[in-house]
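Here it is, the structure in full.
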Amino acid sequence: MQIDPVVLFFLLGLGAGLARSDLKLPSALYETLSVFLLLAIGIKGGLELAKQPFLAILPQALLVLLMGFLIPLLIYPLLRWRLPQVDAASIAAHYGSVSVVTYAVGVAYLVRQGVSHESQTTLFLVLLEMPALVVGVVLARLGRSGETSSAAHGWGKLLHEVLLGKSMVLLLGGLAIGALAGPDGIKPLDKLYLDLFKPVLTLFLLEMGLVVAGKFGILRREGLFLAAVGIILPLLLSWVGIGFGLMMGLSTGGVTILGILAASASYIAAPAAMRMAVPQANPALSLGAALGITFPFNLLVGIPLYHRFAAFVTGA
Amino acid sequence: MIFHTRTLLTIVTEAALENDLVELFHARKLRGWTIVEARGKGDHGEQHGSFDANHNIQIELIADSAAAEQLAETIQQKFGGDFALVQWLSDVRVLRAEKF
Amino acid sequence: MQIDPVVLFFLLGLGAGLARSDLKLPSALYETLSVFLLLAIGIKGGLELAKQPFLAILPQALLVLLMGFLIPLLIYPLLRWRLPQVDAASIAAHYGSVSVVTYAVGVAYLVRQGVSHESQTTLFLVLLEMPALVVGVVLARLGRSGETSSAAHGWGKLLHEVLLGKSMVLLLGGLAIGALAGPDGIKPLDKLYLDLFKPVLTLFLLEMGLVVAGKFGILRREGLFLAAVGIILPLLLSWVGIGFGLMMGLSTGGVTILGILAASASYIAAPAAMRMAVPQANPALSLGAALGITFPFNLLVGIPLYHRFAAFVTGA
Amino acid sequence: MIFHTRTLLTIVTEAALENDLVELFHARKLRGWTIVEARGKGDHGEQHGSFDANHNIQIELIADSAAAEQLAETIQQKFGGDFALVQWLSDVRVLRAEKF
Amino acid sequence: MIFHTRTLLTIVTEAALENDLVELFHARKLRGWTIVEARGKGDHGEQHGSFDANHNIQIELIADSAAAEQLAETIQQKFGGDFALVQWLSDVRVLRAEKF
Amino acid sequence: MQIDPVVLFFLLGLGAGLARSDLKLPSALYETLSVFLLLAIGIKGGLELAKQPFLAILPQALLVLLMGFLIPLLIYPLLRWRLPQVDAASIAAHYGSVSVVTYAVGVAYLVRQGVSHESQTTLFLVLLEMPALVVGVVLARLGRSGETSSAAHGWGKLLHEVLLGKSMVLLLGGLAIGALAGPDGIKPLDKLYLDLFKPVLTLFLLEMGLVVAGKFGILRREGLFLAAVGIILPLLLSWVGIGFGLMMGLSTGGVTILGILAASASYIAAPAAMRMAVPQANPALSLGAALGITFPFNLLVGIPLYHRFAAFVTGA
């Protein structure tokens, strides 16, 4: 089985970073690429909404939302076993939310394998971005109302920050634009948002490789525990996603995507939201696990694995 | 022209705090400040600046000595516990005393 | 009537900005996009020059230049009614010059409506960039030679800055490249300068939405007066453009474009030039009106309106 | 090594003034300065830095005390009226006295 | 709260030296510093910042006075001969003495 | 003969810079473009490797490597005639290494002229990047072990920096990705790495024009000597390249490319490597010659000239 070239770019970045090359991408490029990817994914989701009657996918959408609220509640007690409340809540939020890039690499993988999947999965991705963040904030604050640091924000402000975080605005904004403009309206934009999506993803992955390499310092310090969290959680969560996918009656491809979404951890929206909502949590821990371990694990091992799982349970 | 002595407060902290700090300045009726993008290393680890959640800002704010000291103390109390934060004060001379 | 998706991106940026989302595009992206748009428009104009005999469009070109000199002279006395000399001159320069993005959105609108227009309008855009800036500087300085601030530049330096401002260099440079290389020479570059023009415009409009949202503070302060200037001037000027379009014997589409060009206000070249030439003028005022009011007004209301005007007078 | 006392002039102003200021430095035979991109807020409103005409620079220039003070005064007179501008002076110690 | 006096060392030099300087800081067990991108002019010509090999950084580092002076001297000796380099020291007041 | 539009962009940047226009591209764009060009060239080379049996081009590859080691040894004694050891060694390294952009413009030139060339030249480019840097460092350090400045790095560290410099990592990384993924794997990325290569080159050349204009200060100071070095060296070296091209049995086009590669001087990898390896050398001198003289000379005069030379000796 051949490795997807998209993943090769990640490995190149990772290798360059670990070898301490002076390769560095400008931060403006990183920001630009992430704006582009979020918008493009949103637009794709919006085109789906424009294509099929909304009521037809409403049951599936509700199930996906349920999953988004459930996952952090599920893993929080597990994490509490070893971690303080704030850190457990923050990590739960990261893993309950999703990684747009992992999703995109997963889709590219399925396309290469010739496995079709339901087009509404883009919509699922958008729906999964936020619920876990809300749950994470609630978990972090439960029963500590008196004790919260004076730096922490009030609830109104927090909700504002979670709902209007960059990722959410771009995903939902893209969704709205795609739905309003429809395939014909978006056509003149295809040369950028469609055709260049995958190639641009390669540049983003190159940068992610460099960033992940920079996280190895934390990994060395936090050692085994972080590695365990970063590998066990996605393996576990992939089955939650696969379960929901089966419940929703999706194809093998669709079930795989649900598994990938559940197993992926957010490293754009969640860190920003948690930093403001739960400043007592150690950001190195959550980002170290989500970005330093789970992200590369899913890219290199997880995606094909979840596909096998899904093929197994759907009997494909 | 005459130069007047004022105090310059320099704050280096996480970019995520910018909005909160600016609100604080407004609440204190401070009239001006300057912000520069930065990165660095401290007890909270390295801030590379390559990544959204990993990026410092450096704020410079000139005020009279009492206001600058009080501001530094408030910021330290409010944010010093949970955020990467370093502040320092120094004496500077300015031209238009009424501005600061 | 459906809204152009390009405009939806502007609304997304505007909404995100007004809702105080943390969405922010890196300034390097903004600069890159504006370099790209100016170059691409210039090249398109140059290709037109290469296609048709220059002498054939000379009379039209001269009329357009005349309009560029005329507009600031026309609105200056109106503005003087309420504003000091320097501010009136600066605003006159902003509205006499043109907005490249408004032009591009206007062209996209006509294409969507299936209305054709003369291809030399790109050239007109380039020609309109500068004359008003020169007039604005002269107006600001008339009869105050003794009084000018020591910061103001001498005439030679000023001319240099107006002529060699970034916008002018990129527009004229693109024009020269397009004219020298011709359609065959430019063909290998089409994939960027032609195919990606409209999609890139969407990113630029997203940023413009954010910027305009940031200008609402000024709007609140300067209130009604700014709003009046920002809406009345383009309505008025659109008719000047339409009149010139009729004189030049253009089609309905061409007349519409002339109306759009006249009604649009510069927010790249003019602010930079006026800041150096007339530092006493308040830049918040001119930019507030041109960018905060007129730009969104033209995008959302003006363009279709001027098209109706043009259709009415050409009897289409 | 011996440290020598000099004066550091810090200028925060609109990016549009960069060329004019650099010309002024050359005219005064000043040998060096450092420029950093900045944004900020002052009496002329906010300078976001997101937009061409809305962007500050911060210039640091070390010179002997007289030269620095005179420079600050000239800049204040020439540009202080029409441009967003804040300057401050502080005492610093440098290693190579002959450089400044 | 009490403010403690420390010394701020500011280093302006070529971006190419960043790794070497950071290594030096680590070797001296210095716990923190702040880096800002800069450009400028000096005896080694202009550093535009537009181009890889033509770009400055400005490092600020607070330490006790002896450590800061020694660091400045070492840097001057090691890099002052071949690289564009300017350094200055100034007195600042900080809140948490134990941090610096 | 018509000038390639790609070169027109260089002239636009040069003109704008010399006329002191305020046109400036953000440095993040420059960095992004150079990352892109290096990666794209590397990938192209890798696709070649995937296509033809490696053993078949091994002899040619070895000859090219030999040339890379030879050139600096050849010109070092010439430069020593007037320059101190460190500067002679640094300039020798710059001219022994290659300019990726000059290569790309040369290929574009041949395509326009309808002259075919062997596809493995991309590989040659990659191979030529580094050997001269190693030789340059050795030359600079020969017989001065005791005397070296304390800032100079040890050998191990130096090798690390030369081998893992950004250009090398991107070129070799691209090569590996291209070779591993093969034409089918790279196909979905073609819309970026292939189709946009030439148009993106135009933006890069615009920036290079501006940069070269900024180097004219040095040229004025160092005057005739720098000009002589910057013109005589490429003329001389082009013949070395042509000689090797003949030895390797290449076509006229291939011989031309070898001439161009030999005549071009590095301004990305070499300056970075030499600054760390030989800090005593004056970077203004080497960069002034390589970028300020040789780069424009090759673009405007050299490339067509070396083609004539090659046509002459191959009897085409």
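Going by the order they are written in, the chains are A, B, C, D, E and F; count residues from 1 in each one.
Here is the rule we go by: contacts are C-beta pairs under 8 Å (C-beta built on N, C-alpha and C of every residue); 3 or more make two chains touch, one makes a residue touch a chain.
These figures come from a predicted structure and were not determined experimentally.
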Set of chains whose contacts include both chain F and chain D: C, E
Quick check on the contact network: minimum steps from chain B to chain F? 2
Chain located farthest away, centre of chain C as origin (C-alpha): E
At the largest C-alpha centroid distance from chain A we find chain D
Between chain B and its twin chain E, rotation from the CA superposition, multiple of 5 degrees: 120
Just curious, how far off is chain C from chain A if you go by their C-alpha centres, in Å? 41
Taking each chain's centre as the mean of its CA atoms, chain A sits from chain D at a distance in Å of 46
Chain D, residues touching no fewer than two other chains: 36-37, 90
By residue number and range, which residues of chain C touch two or more other chains? 24-28, 31, 272
With touch defined as at the top, which chains are paired up in contact here? A-B, A-C, A-F, B-D, B-E, C-D, C-F, D-E, E-F
Residue numbers of chain F touching chain A in their complex, please. 26-28, 31-32, 35-36, 39, 160-161, 164-166, 169-170, 173, 176-177, 180-181, 185-186, 188-193, 272
Sites on chain E touched by chain F in the complex: 14, 16, 20, 45-46, 48-53, 55, 77-79, 81-83
Residue positions on chain E within touch of chain D in the complex are 10, 12, 36-43, 56, 58, 69, 72-73, 76, 80, 86-90
In the complex, the residues of chain F that touch chain E are 24-25, 27, 30-31, 34, 149-151, 207, 210-211, 214, 217-218, 268, 271-272, 275-276, 279-280, 283-284, 287
Chain A residues within the chain F interface of the complex: 2-5, 8-9, 12, 15-16, 19-29, 108, 195-196, 198-200, 202-203, 206
